[in-house]
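Should a chain be cited, it is by its letter among A, B and C, assigned in written order, with residues numbered from 1 in that chain.
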């Protein structure tokens, strides 16, 4: 109460939400790391982490401590400022979208009326971070990874944008809250199944997840753009990747799966959060499933998929939607 | 990694792949002349794990070289054992009891299956699929357990002796092998579902690294690579050594000679190996497992050669004796050496990812190449 | 599918010495010895007859280093072992432009024996390090070096070589 007396409530709100968001990003990365390793283990008919804690539950914390304790190696001839800046740049754009994500009807930091555009704009910055990381490492493999990543991000942002526009056209808003509210009757996945599939494939590519993990293809590029990073530099990229996956999946949930809508549970006030997270983590499960099942596509195949299939399909889908909407309104 | 050799005119640059690189499977270095994502000229650099096995073979009595043979191709060591003891027996005229020959065939074929399984996992790992290697290692582990039971080691076997084998196989071995055959047969459908019907895998492997029969001949390519190109050449059929002529088995061949065909050939070869093992177990004769061979084997003057079908192709030993125990000249022709020499021609103007696919499909074992 | 006799006939035209040997004891079917200037001609004939190169190596004996070529055929069981002598300091023609696989085998032979292959495009050390180029590890010391007669096949079992010799004579008569 003391603090609130001389600070405007907005600032308090901002500080609290920043802390909550950043803790959530870290928590999410921990959960995802554990889930990924455990699921990968079971997909491969082995138990996964079992040693530290019950069923390896504490493994993630131990690994995190190890990464923090590791020396940050600066290889010779790297571009020092850029090399240090890149992991931070990779981390920031994946945290910012959390501001506009409506976890439930009430749980949202800020409902921007251009929320969707904001997220798309911010997440494009990720490509920049990867490019800086690859360029400053002074390593050909890193540069390869960075170039691939940028080309991939540009190619796949187009189908994402077209699909998102299609949905925005139907809901007639760019506000994420508005988009969810528009689905109170029927989820858009039922009206726009093609759009959902395109979004999900492009989302996999946008987050550089297998089978589209070309920028860090270990059998070709050792570790791609983060070859030279160690310790926390590496783990920031790692955190960023998981946060990015969460953002992509939550947008998919907001756009297609009805956001926080679900069967209302009487005993909880924020049942929306439960349903929202359930849907997001279900999608994340599918992402992990894909990664441990499929081989990696080749770079030209990846590009072909975007330019020859996803973009035309999403464009046609967009036009048809527009026409149908006009006819229905008439 | 500074691009000192960067030539400004054609904008190409040099990329060092290896000797520490996840997909060169050991210490192979390939110097790539690149134009963007395209490889213009891959040049393998050998010798990082060169141990001069031939010199060792020429400086000690022929019996004492046996452990070395298991250390060239450690993934498929028993055919290397087989070729060497076969050579000594041929040169010195040592008779081998039939039971020993059958045991040799059974263990060699088990080792071939193990080698192909390891390749299966490693190849798919090169293509970015992480899961198949766990499945194939699971199966391979069974073979290693079975072989450990009688050979005493899991990888660098030294089980064969001139005139027979080190020890007789046990009932436990026979039961274990039969159980493994049953298990392995049920696993092929899993691999089929997990890998062979996967559209991404097919698109990655189809038409990549096509070796024509003519190219194979010019380079001396043998083994599954050659059979993938549609030439039915298998030394077990062509020049049957040991007791391979007693068994009924097919030589699987591909059609196009691409990486996909090499995959198919190897998987079918595993099935054929299981057939051979099964027949050998059924026909296994009684009798001694180690024939009479002198303790000090004198190699008569003259040269002799012995070729076996190792998991990667033709393994030829060439020996010149001078009447003493110590070989005067011992040449070891390893399959991957000739197989890899195709790479500079095959890898021109392809994508980097395809180069990885091709090298994966070659099933390279670098210590074997460098010897 | 060609038979072995056809190959023998084809090779006879090259005026190289050719003889059939006992496969069970030697592991190959045809033994060829040729002069060092016949190597390319011989290799071309082998390529025309659809042989593939198994290996190229050498053997250090008195009076000269022997270069050994082994060829085999994909469809006919016929393994050919050919030898050519090259005196120390002399050169022998490369076959790496005929059989491309010989490229590495010849480089290896240069590494181990110091045999110079004339016309080889890239005779750099392959298995040995660049600074070990003069090591020539497989050359025998003076004490170990044997005469070429001492390491020739003498046929310790009198019955078999005689039969093989007869066969060869018969073949010669047929041709």
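Assume contacts are C-beta pairs under 8 Å (C-beta built on N, C-alpha and C of every residue); 3 or more make two chains touch, one makes a residue touch a chain.
Everything numeric in this text was worked out from a predicted model, so none of it was measured.
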| message | Centre to centre, using CA atoms, which chain is the farthest one from chain C? | response | A
| request: Could you see whether A-B or B-C has the larger number of C-beta contact pairs? | output: B-C
| So which chain ends up in the middle if you average the CA atoms? | B
| said: Centroid from C-alpha atoms only, then distance chain A to chain C, rounded to Å. What do you get? | reply: 64
| remark: Separation of the C-alpha centres, chain A versus chain B, in whole Å, is 44
| query | Any idea how many Å lie between the Cα centroids of chain B and chain C? | reply | 25
| field | In chain C, residues with contacts to at least two other chains | value | none
| field | chain B partner contacts - residues on chain C that touch it in the complex | value | 23-28, 47, 50-55, 57, 59-60, 68, 70, 72, 74-75, 77, 79, 81, 99-101, 103-105, 112, 125-129, 137-138, 146, 150-157
| task | In the complex, go through chain B and note every residue touching chain A. | result | 1-3, 13, 15, 21-23, 37, 124-131, 134-135, 138, 194, 198, 200-201, 203-204, 351-354, 356, 360
| task | Would you pull the chain A residues touching chain B in the complex into a rising list? | result | 40, 43-46, 77, 138-141, 144, 210-211, 213, 217-220, 222, 291-301
| In the complex, chain B residues that touch chain C | 46-47, 50, 52, 54-55, 58, 87, 90-91, 93, 213, 216-222, 226, 231, 233, 238-239, 300-307, 314, 316, 318, 320-323, 328-329, 331, 333, 337-338, 341, 345, 370-371
